[in-house]
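When the chains are written out, they are named A, B and C in that same order, and each has its own residue count from 1.
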Amino acid sequence: MLSVTLTKRFPGFTLDVSWEADDRIVALFGPSGAGKSLTLGCLAGLVRPDAGRVVVNGRTFDDVAGGVHLPPQARRLGYVFQGYALFPHLTVAENVAFGLRDRPRAERRRRAGEVLERLGLGEVAGRRPRELSGGQQQRVALGRALAPDPEVLLLDEPLSALDAPLRRQLRDELGRLIREWGRTVVLVTHDLAEAYQLGERLVVYDAGRVVQAAPKAELLLRPASEAVARLIGMRNIVRGTVVKASPDRIEMVWRGRTVEAVNSPGHPYLAPAGTPVAFFVRPEYARLLRKDRAAPDPAHRMNFLTGSIVGEIDQGTAWTLLFRLDGPGEPSQGAYDLEIEIPKLVYEILDVGRDRQWSVTMHRGALQVLPSG
Amino acid sequence: MRAAIVLLLAAGLVLAGSSPAAAQPALTVFAAADLAVAFREIVPRFEAAQGVKVTLVLGSTGNLAMQIDHGAPADVFFAADAAFVDRLVGGGALIPETRALYAQGRLVLATAKAFGSKLTDLRDLLDPRVRHVAIANPLHAPYGRAAEQALRRLDLWDAVRPKLIYGENVQQALQFVRGGGAAAGIIALSIATVPQIEWTMVDPTLHAPLNQAAAVVRRSPRPDLGAALIRFVGGPEGRAIMKRHGFVLPGEF
Amino acid sequence: MDLFPLRLSLQVAVTATALTLLVGLPIAWLLARRRFPGRDLVAALVVFPLVLPPTVLGYYLLVVIGSRGLGALGLELAFTWRAAVLAAALGSIALLIKAAQAGFETVDPRLEQAARTLGRSEWSIFWVVTLPLAWRSVLAGTVLAFCRALGEFGITLMVAGSIPGRTQTLPLAIYDHVQANQMAEANLLALLSIGLVVLLLLGVSRLARLRF
């Protein structure tokens, strides 16, 4: 159980955040410089906030108003730094045993050995950090943080120092490890895939503030605002005008056409007609209609659009098609209105390379309205 | 472990309170630098006569006086200027009853033999071939002050001043001339008789008399010994030695 | 040939260097790692002994420890070998502080932060993380300070005097021999000084190469 309220002022930047989490693994996600690592520093007690309160698992770490600041030494947490911060003058074994000073020598050795074995570092125990690979260094950093059996584990960009292929593999291992470990984890990352795979609750940071804190599914399904949607890399964020809003759907006018989007039953967006609204379209849910199939029954809940492909991007295993709607007017995203994603197989079967005029259908669930803000 | 090292260091410092083994001096004499040569003869004779060991510390009168003022462990002070002694007597550092004039010093113009020609008059210092002139520092050395007085008296001070190099005491001034740093110098007669230089007497009326006084230091644990040395210097044996080294004796001035 | 000045100088230099380390390392650490009111003033004060003329320093030190200062309280410091230690330490401490401070500043502060999260006290962190990682700079500073202490002259002359057999250190003895035109003795002592320093530097560089 984490409760974090922090204010910290620097010249040119202010951190002002407040969030809570009951989940076990919390990911602080956002662009660089948004204040995520700073938050982690405050959680660890390495940075003193100007105002606020930090309570972790019932223990008050910081309470500025009440004059409480628990030093890092007393917080019983493990911290894995970005770049690992391994002690270069100590061996792997000494690094891992560093936090075990207050235990009798025999137990120190036993515990360190146990951690080294579990992380597969037994063979390199006598080496110095600079002799290790990136992946090994990361494991030493983890081992060092976990050896003293902390209550909370803090990870600052645990994978960003690694090359892409290695990162994928270690992401899986890390995920397994923190789930096995079973205690509270707070990790910081600017990689959405990493946050999504490792975290249970995502706290989205932007310029020193929290723009949304939610379980990961909810975040992806219902970003709280256009800003959040952009932060999590949503594509096809476009603008229209409300025609009619009801609890389960919203009818909008977009580029001269009427489209329908879902509304969330839990928190429906009910705005009067004429309200400008932003919404996004999931590129992988837009479907090119086969030329030999008839147009769908308008009575069905499908949006139907016609237009042409004005550009395409090879993504390796899929194509991103840049789709421009027929008719006059400026496209919503520069030269095109919509990004549509189709697997390479579909691209070849439909001969999209040659045939550029298409009709597109989208279930109303492919459109998600974004409340302003 | 590291706390142990720190404690060791600290303990070492405290324990190091013991001074390194050294023979305990029986009499510490602070003497003006111009007495260097004369006292080299006087001290052994006094040691033999009294059966004591003398530690001789030479320096500029002003400096020595200042150190005595701040507790220097001198037993007796032989200054090159009575004014310094009288000031210390007034301040209570020296015993007034022991104050005695023991000699009057003489100033000479010294030329390094390596220079080539012997300078005979202070005005010769204007010679452009004379690039550096050494004197003791006028601020705290009586012979330096006398040198300045003489130069001013002859209106030579402004012209010669750029060439002056100051020795910390009159012995160092001599060293400059002897070592080649200065072609000439104005120093004490009593130390000028060295093979590397030639000298000419400076007219004593050009400067205030260098009345040299001595006194016993009040703090001394053996004031009787200090007084004995003053008596020795003023006695027949001492006076003969002093006269031989160019000093003018009490009774003659 | 009286070797008392050599023995005295060695003792003075070793003691002065120990004192310098005891006082200088904490100051260097504070300057490197802590912000506090008056920090700039302290940093400037540290440089003071390097820029003031030795005789000025010596005079003011004498006023403090002489018979009109601490001496009046019964502390026998001036004109003893202890004054020579103080003079040597005063003249050399800035060298140690500057070198050690620079060394501490190059230690990645995140390493110290990591040590904090792992439960180590500030005292422990200094000895186990900061100092070992800065040891080369600290060693260089210590050697510099020792050599400076060995050669200390102006301040020593003022506060300890050049009393043969008592406070006449090696540099003072050389000076006295030169003044008395005893060049043979002066040269011998000077050669001993140089030899000592060369041995020290060789030994230290050998030690520096042994470690990683």
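The criterion applied here is as follows: a contact is a pair of C-beta atoms (placed from the backbone, for glycine too) under 8 Å apart; a residue touches a chain by one contact, two chains touch by 3 or more.
If you're wondering where the values come from, they're calculated on a predicted model, not measured in any experiment.
Student: Suppose chain centres are the mean of their C-alpha atoms. Which chain sits farthest from chain C?
Tutor: The most remote chain is A.
Student: Hey, which chain is the most central one here, using CA centres?
Tutor: Checking distances from each chain centre to the full centroid gives C.
Student: Taking the mean of the C-alpha atoms as each chain's centre, how many Å separate chain A from chain C?
Tutor: Roughly 56 Å, centre to centre.
Student: Rounded to a whole Å, what is the gap between the Cα centroids of chain A and chain B?
Tutor: Distance between chain centres: 86 Å.
Student: Round to the nearest whole Å and give the separation of the Cα centres of chain B and chain C.
Tutor: Each chain's C-alpha centroid was found; their separation is 32 Å.
Student: Chain B touches which residues of chain C in the complex?
Tutor: It is residues 4, 7-8, 11, 15, 18-19, 21-22, 59, 62-63, 66-69, 71, 78-82, 85, 127, 158, 161-166, 176, 178-181 of chain C that touch chain B.
Student: What part of chain C is in contact with chain A in the complex they form?
Tutor: For chain C paired with chain A, touching residues are 108, 110-111, 113-121, 124, 129, 132-133, 212.
Student: Which residues of chain B touch chain C once you look at their complex with the stated criterion?
Tutor: Touch list, chain B to chain C: 2, 6, 9-10, 12-13, 16-17, 19-20, 22-23, 25, 28, 33, 36, 55-59, 66-67, 69-73, 169, 171-172, 175, 178, 194, 219.
Student: Along chain A, where are the residues that touch chain C in the complex?
Tutor: These residues of chain A touch chain C: 44-46, 71-73, 75, 77-79, 81, 83, 85, 87-89, 98-99, 101-102, 144-145, 148.
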